[in-house]
Amino acid sequence: MRAYVDRFSLTDPGDVSALKAAFDSGAVKPERVVAVIGKTPGNGLTNDYTRGYLTQSLALLISDYTGVSRERVTATIPFIFSGGVEGVLSPHYSVFSVDDSGADRVDGEPALALATAFTAPLIAVEIGGQGQIDATRDAVRSAMASAGIERAEDVHFVQVKGPCLTASAISEARRAGAGPVADTPEHSMALSRIASAFGVGLALGEIDATRFHYDSARLDPNCFSSVASCSAGVEVQANEIVVLGNSRRWHGPLRIGHRPMADALDLAAVVGVFEDLGLAPGPQLSDAQSRRLRSVLVKCEPDRTGRIRGEPHTMLNDGDMNAQRHIRAAVGALVAGVCGDTRLFVSGGAEHQGPDGGGLIAAIASVDGEP
Amino acid sequence: MRAYVDRFSLTDPGDVSALKAAFDSGAVKPERVVAVIGKTPGNGLTNDYTRGYLTQSLALLISDYTGVSRERVTATIPFIFSGGVEGVLSPHYSVFSVDDSGADRVDGEPALALATAFTAPLIAVEIGGQGQIDATRDAVRSAMASAGIERAEDVHFVQVKGPCLTASAISEARRAGAGPVADTPEHSMALSRIASAFGVGLALGEIDATRFHYDSARLDPNCFSSVASCSAGVEVQANEIVVLGNSRRWHGPLRIGHRPMADALDLAAVVGVFEDLGLAPGPQLSDAQSRRLRSVLVKCEPDRTGRIRGEPHTMLNDGDMNAQRHIRAAVGALVAGVCGDTRLFVSGGAEHQGPDGGGLIAAIASVDGEP
Amino acid sequence: MRAYVDRFSLTDPGDVSALKAAFDSGAVKPERVVAVIGKTPGNGLTNDYTRGYLTQSLALLISDYTGVSRERVTATIPFIFSGGVEGVLSPHYSVFSVDDSGADRVDGEPALALATAFTAPLIAVEIGGQGQIDATRDAVRSAMASAGIERAEDVHFVQVKGPCLTASAISEARRAGAGPVADTPEHSMALSRIASAFGVGLALGEIDATRFHYDSARLDPNCFSSVASCSAGVEVQANEIVVLGNSRRWHGPLRIGHRPMADALDLAAVVGVFEDLGLAPGPQLSDAQSRRLRSVLVKCEPDRTGRIRGEPHTMLNDGDMNAQRHIRAAVGALVAGVCGDTRLFVSGGAEHQGPDGGGLIAAIASVDGEP
Amino acid sequence: MRAYVDRFSLTDPGDVSALKAAFDSGAVKPERVVAVIGKTPGNGLTNDYTRGYLTQSLALLISDYTGVSRERVTATIPFIFSGGVEGVLSPHYSVFSVDDSGADRVDGEPALALATAFTAPLIAVEIGGQGQIDATRDAVRSAMASAGIERAEDVHFVQVKGPCLTASAISEARRAGAGPVADTPEHSMALSRIASAFGVGLALGEIDATRFHYDSARLDPNCFSSVASCSAGVEVQANEIVVLGNSRRWHGPLRIGHRPMADALDLAAVVGVFEDLGLAPGPQLSDAQSRRLRSVLVKCEPDRTGRIRGEPHTMLNDGDMNAQRHIRAAVGALVAGVCGDTRLFVSGGAEHQGPDGGGLIAAIASVDGEP
């Protein structure tokens, strides 16, 4: 088994000509595509339709090239997009492909390994509730098994995209007396992310399943997963999951690493994750080293105390610019400064995903000198 | 002569109790205050009234403590505020004080030197035009002489706050047939900044006065000042100027340095300016070194080509979040990551202030081990 | 007793020259001013400092003209500003003055009557809680008595401005274990408005005090006051209250009326309130009739079901433009179209202030042919 | 010939199930669809991708039902979407269909008539320039001929959607030395709308072709078309045009009327256009009359003088909320108040489309008692 990761720039979610060209040239094999993760040029909030638009565009393209129906494509390939490319960030998508034609290995150097999973569709009362937690936990375990990753410590990043409720959906669920749901669309997005994160943490043993109570866990900033990266959006009905790790059963030059970020200024964590992969930021990666990067994945969150290292920030009080847009712009630039590259997956809403007020960073790089 | 710089946190522009406490304790002498530069929690655009509000609040306080009338206080002390503390940035203000009680020196180690100047009030047609350029040039030269800075190369930062036109003012000026003015308030802010920057560049010889033509200079990205930091706001009628440099005539432990920034990812420039001041970012300053910082001043600008190091950014196409808010959040975090401190003066609108698509950074630090 | 209401345009909250000119000309007597209600050009959300700025500017002016200290002016005159002049709305403030020099009447035509009241400062745990409800109820009753308004049905508008919590204040209150407070600054603003509205409703008997339970009342859209208009902002520490009604003890040509609004399209209510005051919109008031208006006061709210008359709206899903900004722009224009005037006090956040998804409108007009 | 207009609600641009249901039930015949005009839930500015998304979704659906390729569908059916449903406005789209199976009439009551046209793709230097003007003029004349509308006065609404330039496209065009283009994406949108409007005005004789000079026309607020409604967006490469009028050659119960709007408070024009169609607003249409509406089309614009009827507005100074979002919310609510319906096509950017600072309104209604 061998994994490939190819990044493509994006300016308009209706224009997927870059991937089309890669299909045409043979650089990417359409039938090997198993997941797409990317950043789209919307606001990353409830009314961000760029995620759904890019999904539709890519599913059409892949359907055209593989002959698989659009419905089947979107039901089997997670298209996980986080909106919001604030500041220096660049809209792009990373295509994850798997070549399973070779014989299985068991004893080589660990290489990038990955698998995907989908939960069943979630109904309103499950979104942000125990139903979503349980379904996520089971799906993550299933994906680990598919990927041949045996140890939880070899999992370095779990991307989850889950559904959330619009204002109308909240209102309808309440009229239907379906059970407790979120107060607002933004609240629903947060609860969906939290439930997904708890599901990942439970699957990997980062959270002690024997002592887990949802309501108290939500109030406990120390209850988190260090590898969960969870998004929510109106364009999906089920949790879509991509598990990324290293495994001796896979081969190729790609490796993944990760670090928790203690706060939004944790430059040491950013530098550290690249050092873990054998790169040497000084403090910025050289052009040659930067070209060895395949994907950089970051979750971040405005500190809820209203302060960073003792000084007030204004992100949570700003009525015109959402706090998630603030923090993505900030942490995105911190990481881009070290990478020398702006094609980063930087996603806000890191509740219970890494340390409170901080978040996490993962990176995939080629260990070969050649990118 | 000896200069002092004290930073105060701010959460509400009507609350200046932090400076009041410093007056009461004797930590800052009210009669020595010569300038205040800071970041306020508005949007930093035309309709940002937090700048005027903090000016009014501080002028009242200083008037109460010195017995000088409010009108006289605002006419003699530049209060230069840039709105917009996006991302990790923290609202704050730096109070610049001068003790001129001691004898003049001429041959010591160069220390932080500063002086201020005001132009005459500018009328609508002068704002963003040749009138503002000439007035700024003369005022900068006058401030240099006051500060005892003889060589242009010893000037490291020139902060200018100039007026701009609201939509009504533009409309009135046009009805009055006064001459060419800006198309929109935002355009007026940009022209005001550009005229101020050219005035600084001409005063310091960074721009060749014998060959300067305004219209062609505006189109020439290589025509810039590396030390000009220019803002515009509806709350001032004249250009208010603070010149900061090093001079052997001044004493004390403070020094200032600066670096141009080639682009928004120029981490080397950020690290470099601290190294110039004898600090050793690794890549983040230690707490002890961070405490030696007195002021960090940054200008930045979204790259007008729509790309950073070859990849597209979305700052200039975003209809909901102004490009200046994007870039301040980004570059602010890049610098904060190195400083380990978020009380940074980061201002957008860096047209002709440092390299195109980049900007500049200046820092004031104590060279003593003690902060 | 006789009440006066004078409206002044505003462009910058630091510029109160229009009222200064009225003081200088004798058109308004500084010592008669008892309250100021207005709209400022901020965003009307937590980080809107234009309200505090205008308060500071007006308090300074009144202090200068009356010799009363600024502290005393702000402690005795409610300055109630709602931020956000979206769409056609025009920033302005209405100065309410009372001449109590004449003899009391008891039996004339009812004329505009008014009085003000302040609660004690509210601590964090009281804001949005029972403490704020009780304090508001008592203050409204006290103001009614002061105004000589005996019957609740003669009260047509009660403006309340109460405090709210910033992100930092919320975080501090939680650390201090003070008791339950709001989750977010926006949530705190909403709870403060709701508690104030319940206090008004209880004082006027619109809400049955014997059956009132806070938690169930909050969930009951039919539990509302038809005359309460409640705002919240970080610039006040206590509830500041202005009670407006008609009374036979007062004289002069001014009268006040009000109507509940069933939804955001309730044009009939808008037309009706002017007809109640003897004006004849056709559907727009003529210039002559429009000039008889002294103040138009509106509360409105985005329908929480996500629909208006069966069709979806997007106000509650918009991550870039706050729902209150949407609804103020909309309802402001609806009312302005009938008035032919844009100097309207239109305030969002009408939870339990008028019918759910609608709100209320009050107007003060001169019944004399002359304005 | 007979025209049909059917309105469909929209919540997500990827969900066109409402039209699909109409196709399935036979309520709308897929092969008769000639144009779609609607409002999508984006911001209506450069980075609004909801327009392209809905276009792609509808083209897919129509292609599935007609067997015509997607490329051919988008090349022959104008999909004209304006983003931004601020305030009470509801996202929706109106499907225009034509049944040309019957014999031509020549002498009946005038009924709704329509035709479409496309220009050739426009290159960067043509957008917002004379090339776009000329191409639009010719296309409008061609559509009039196709629709059998002989007199310009029988044209009541011409909808144009034209291309505009992103920041990157502007930068590229400049590097290529292609000729003058807009300064910013927003500027490009404005110039595209203006060029389209002049093209319509020239085609219909509203603007005197013998005296037309582009540069002076742009400065002349009296040079406008009263029936042009022009939008611009990155999702089209050519001008797409829909001409709507009344003609004796067509039959059926639908009629169109229009009125210029003098300013944003022109309630008389709104009432008037419905009276022209035989409806009787009082001032709001009754439910029965409201149901006879098929489409309401409005263009509006923030007054550039910064004032409305003498009082200042803040739309043009707001750095956080674009002026077009302000004015759409306002004028949309004014019109919705009269209609009692929120499914209105309200589009900003009305430069030279109706009177300066105002705009225009058109409406299509059934003259039969039955809707």
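Just so it is clear, A, B, C and D label the chains in written order, and each chain counts residues from 1 on its own.
What we mean here is this: a contact is a pair of C-beta atoms (placed from the backbone, for glycine too) under 8 Å apart; a residue touches a chain by one contact, two chains touch by 3 or more.
Because the structure is a prediction, the values reported are computed rather than measured.
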Task: Taking each chain's C-alpha mean as its centre, the one farthest from chain A - done: C
Task: Selected pair, greater C-beta contact count between C-D and B-C - done: C-D
- [ ] Express in whole angstrom the distance between the two chain centres, defined as the mean CA positions of chain C and chain D.
- [x] 39
Task: Sequence positions of chain D contacting 2 or more other chains - done: 11, 41, 43, 47, 166, 168, 312, 314, 317, 320-321
TODO: Could you pull out which chain D residues touch chain A in their complex?
DONE: 11-14, 41-42, 47, 49-50, 52-53, 56-57, 60, 166, 168, 234-235, 320-321
- [ ] Going by the contact rule at the top, pick out the chain A residues touching chain C in the complex.
- [x] 43-48, 166-168, 170-171, 184-186, 304-307, 312, 314, 316-320, 322
Open item on the list: Give the list of chain D residues in touch with chain C in this complex.
Closed with: 9, 11, 41, 43, 85-92, 264-265, 267-268, 270-271, 283-284, 308-309, 311-315, 317, 320-321, 325-327, 329-334, 336-338, 340-343
